[in-house]
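The chains carry the letters A, B and C, assigned in the order they are written, with residues numbered from 1 in each.
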Amino acid sequence: MSDTPAIELHDVVKQFGATYAVDHVSLQVGDGEFFSLLGPSGCGKTTTLRMIAGFEYPSHGEVLIHGRAMAATPPHRRPVNTVFQSYALFPHMSVAQNVAFGLQMKGVPKHELGPRVQAALEMVRLDGFDQRRPREMSGGQQQRVALARALVNQPEVLLLDEPLGALDQKLRKEMQFELKRLQHRVGITFIFVTHDQEEALTMSDRIAVMNQGKVLQVGSPTEIYERPTCRFVADFIGETNFIEGQVVAHDGGYATIQSHDGLELRGVTPRPVSVGAHATLSLRPEKARLLTPDQAQSVQETFRLAVKVELVSYIGSDTRITVRLNAQRTLDVWEQNTRSTLDRNAYWQPGEDAVLVCPPENALVLVE
Amino acid sequence: MIQRKPARWLSQALRSYAILVYAFLYLPIVVLVIFSFTRDEFGVRWTGFTLDWYIRLFNNPRLMGAAVNTLIVGVASTLVATLLGTLLALALERYRFRGRGAVDGLLYLPIVMPEIVMAVALLACSALAFDLINALTGHVLRRNLVTVTIGHIAFSISFVTVVVRASLKHFDRRLEEAAADLGANSWQIFWRITFPLILPGVIGGALLAFTLSLDDFIISLFLSGPGTSLLPVEVYNRVRRAITPEINAISTLMLLLSITLVVLSQLAQRRR
Amino acid sequence: MRVIGMIDQIRMRRDRRNLLALLAPGMLWLLAFFALPLVIILLYSILTNGPRGAIVWQPTLENYRTLFTQTIYVNAYLRSIRISLETTLICLLLGYPLALFIVRQPAHWRTLLIFLVLIPFWTNFLVRIYAWQIILANNGLINGGLTALGLTPLALLNTEGATLLGLVYGELPFMVLPLYAALARFDFTQLEAAADLGANRWQAFWRVMVPQTMPGIVAGSVLVFIPTLGQFVVAELLGGAKVDYLGNLIQRLFLRSNPINWPLGSALAVIMMVILLALIFWYFRVTREDER
């Protein structure tokens, strides 16, 4: 591993006509990192990936791979390989021919092809499939062929464009694990495009969250989830309750906001705020607790909101409770079902009075 | 309850109707084949089986010459039309450019244009061109197999383009990106990925062009010169006079050839 | 960044060169051997016919006047348009139920059935029309049968009925293919929806299915009507060349009549082209509206 970043984007812009698909994006991806580009569809993540691969050229800014500028390098001369969302396996070639293709293009001598193809297929556990045609294989197997076809070239960076998107839930989980394992084994940089936040959180070393062509936040999965710096990230990753208001006080990384319906709420501020600024309090449903009024009296926590239970959904691992704060506002609270019981009284009932409590370090005050 | 599935009688009626229409389509073909084996010298009555007419056919130098001419024109026009049509299909499917609509329109016109209009236009054009050459150089040119071939190419290009475009439409451009990603340059991409994958379409288009050339008789009639007779024209000149079992026989052979070519063309396009 | 602008330009220039290489050969061929000839007959149609069919380079509208005033020509295209319309209508009546039947079959049957329609489409037209002579001739198959049953033979060949039969026979595949394409796109659960809303079969057919398959109906009709208008073989082989249609007139004026008259023939061909272009224009208007 070297100190030069594997990928650098400097102020990259991609315009299609008047629309900005990618809007002034700068990123650095370290050597050997598993880096995800996460965002809703149309956010520019795939275009960003395609500019790294060389299928699109930036309208402005530059792309560097291991410190080398790529402006004049067509895709076939770049030291990166791509796993496509649709796999893009060549239908007229066997699995072995698909995997050998990149090596042949590089002019690897014939006698080396066989062993290297075999090794690549073994790595993705497809040994013995070399004479199959892509269409004779399942989605998961095609996915592995696509991986082998890219990895056999020993690229400096592997680009993966929603590679698990077409697989069913169970296979997806398996492949997530498999991809992590492969990355450890080959030790090269992975850039992984996905719209699935859970997938990004599970697999990545770092994540860049994108929306409308812009990178909103770059950070580790915990940073992204626990300390989102803006409302979009908090909303897109996981679920959360938002309460809008104005900052009335702040000190030492905490701020208090007054909501429009007069509540005073306190939370952590990931970014500096000033009094009077518009702000949103983000409260993750699993970070709040629901107590009976009796229990609440003995608890010392800053948030104490008197609520009425409105809707209770039992979903197995959790119980999801919607509580009504006042005529305008409801909040969601998730309780983990740590006890196994059929006793109805162990769960909340609609209509019950309750108190929602939450320590300020579990809530976030976000300013735009 | 009212059963809302198509009523039984309705689908039965539809089926019978369809069978009748198919019978209508194939009756003449079957009759023709059968009556190419009759002994009846007027070719319209069944008076016993014979292969005489086929034997006579192969001993008729005029018909055999026409057949050879037809094959020459067919092969030549197919080669050129397939090449030009494939290039056009690539241009139209791969590029967005100004005037694309006009090119599209010009390509579809030969398909819908009544053949006789095209034939007389080509006839007039060749006459004018020959007069011009005569006036400028003193050479006297005559219509021959070359003029017919040029005409056949002019209408075959469109058909080839349509067929190849269809195969390009299903073509996944990401396969080419994948090849570039794996280090192939544009030349390698074309010959190793694009061409093998559109080859069925190209073969299909070529077989179609060949069939069209073999079957065409209007353009052949107008553009072939004296002494360069083509098979369909030869048949036309004979059938205008009378039915003969000899024509039944040659027609049967032509039908067989066309059907074989269409089946091959379909098979080529289906294999992916 | 300026470097990027330059690279983009190089890339665009290379693209343009490639495009030209792909486009030029075929386009030049079509322009020289398809478009130019059409322009030439347009030109011929306003020239004067000289003695023994020579072209006199004297502009005139006489050819068009002749075509619009002399009864044999006026009658010829009225007759042509009539028989083309009849052919189109009969093809529609035969083709729609057939296409409907094919679409409702299981997938593997569908391919085979449409292929069976396709085969005559690509086989020699002349030969297939000739085959009807064997069936219809005075001593042919039908009359042979009638005589055997002791009935009087009928004059079937060399009638307008025979011409119509041959035209329908020849053009039917052109009708079935677009109808099939249109019906294949039709969502048949809509008929159930229509029934659910109280429409009977007939209403569902006319108000739901026909409007949605209209592009296919129009395409098929145009594809049948246009070639029929230029037909001359059928009238000659089955109709006995008793009456003139547009196609026969053009053929005669260019090849046979004594003396030949290319300018007049060109004018006839031009009129046919105009009808064709008008129909195509109409077709695109109808289908475009449908797309919206």
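We take it that a contact is a pair of C-beta atoms (placed from the backbone, for glycine too) under 8 Å apart; a residue touches a chain by one contact, two chains touch by 3 or more.
Note that the structure is predicted; figures quoted are calculated from it, not measured.
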Reference chain B; chain at largest CA-centroid distance: A
Dominant chain pairing [most C-beta pairs in contact]: B-C
Geometric centre distance via CA averages, chain B-chain A, whole Å: 56
Averaged-CA centre spacing for the pair chain C and chain A, given as whole angstrom: 58
Chain B and chain C, separation of their C-alpha mean positions in angstrom: 16
In the complex, chain C residues that touch chain B: 15, 19, 21-23, 25-27, 29-31, 33-38, 40-41, 44, 94, 97-98, 100-102, 104, 115-120, 122-128, 130-135, 137, 139-141, 144, 169, 172-173, 192, 195-196, 201, 222-223, 226-227, 229-233, 236-237, 247, 250-251, 254-255, 262, 265-266, 269, 272-273, 276, 280
Complex contacts: residues of chain B adjacent to chain C: 4, 6-7, 10-11, 14-15, 17-18, 21-22, 24-29, 31-32, 35, 42-45, 83-85, 87-88, 90-91, 94-95, 97, 103, 106-107, 109-110, 112-118, 120-125, 128, 150-151, 153-155, 157-158, 161, 208, 211-212, 214-215, 217-218, 221-222, 232, 235-236, 239-240, 243, 247-248, 251, 254-255, 258-259, 261-262, 266
Contacting residues of chain B [partner chain A, same complex]: 172, 174-175, 177-185, 188, 192-193, 196-197, 272
Touching residues (chain side chain A, partner chain B) in the complex: 53-55, 74-77, 80-82, 84, 86, 88-92, 101-102, 105-106, 149-150, 153
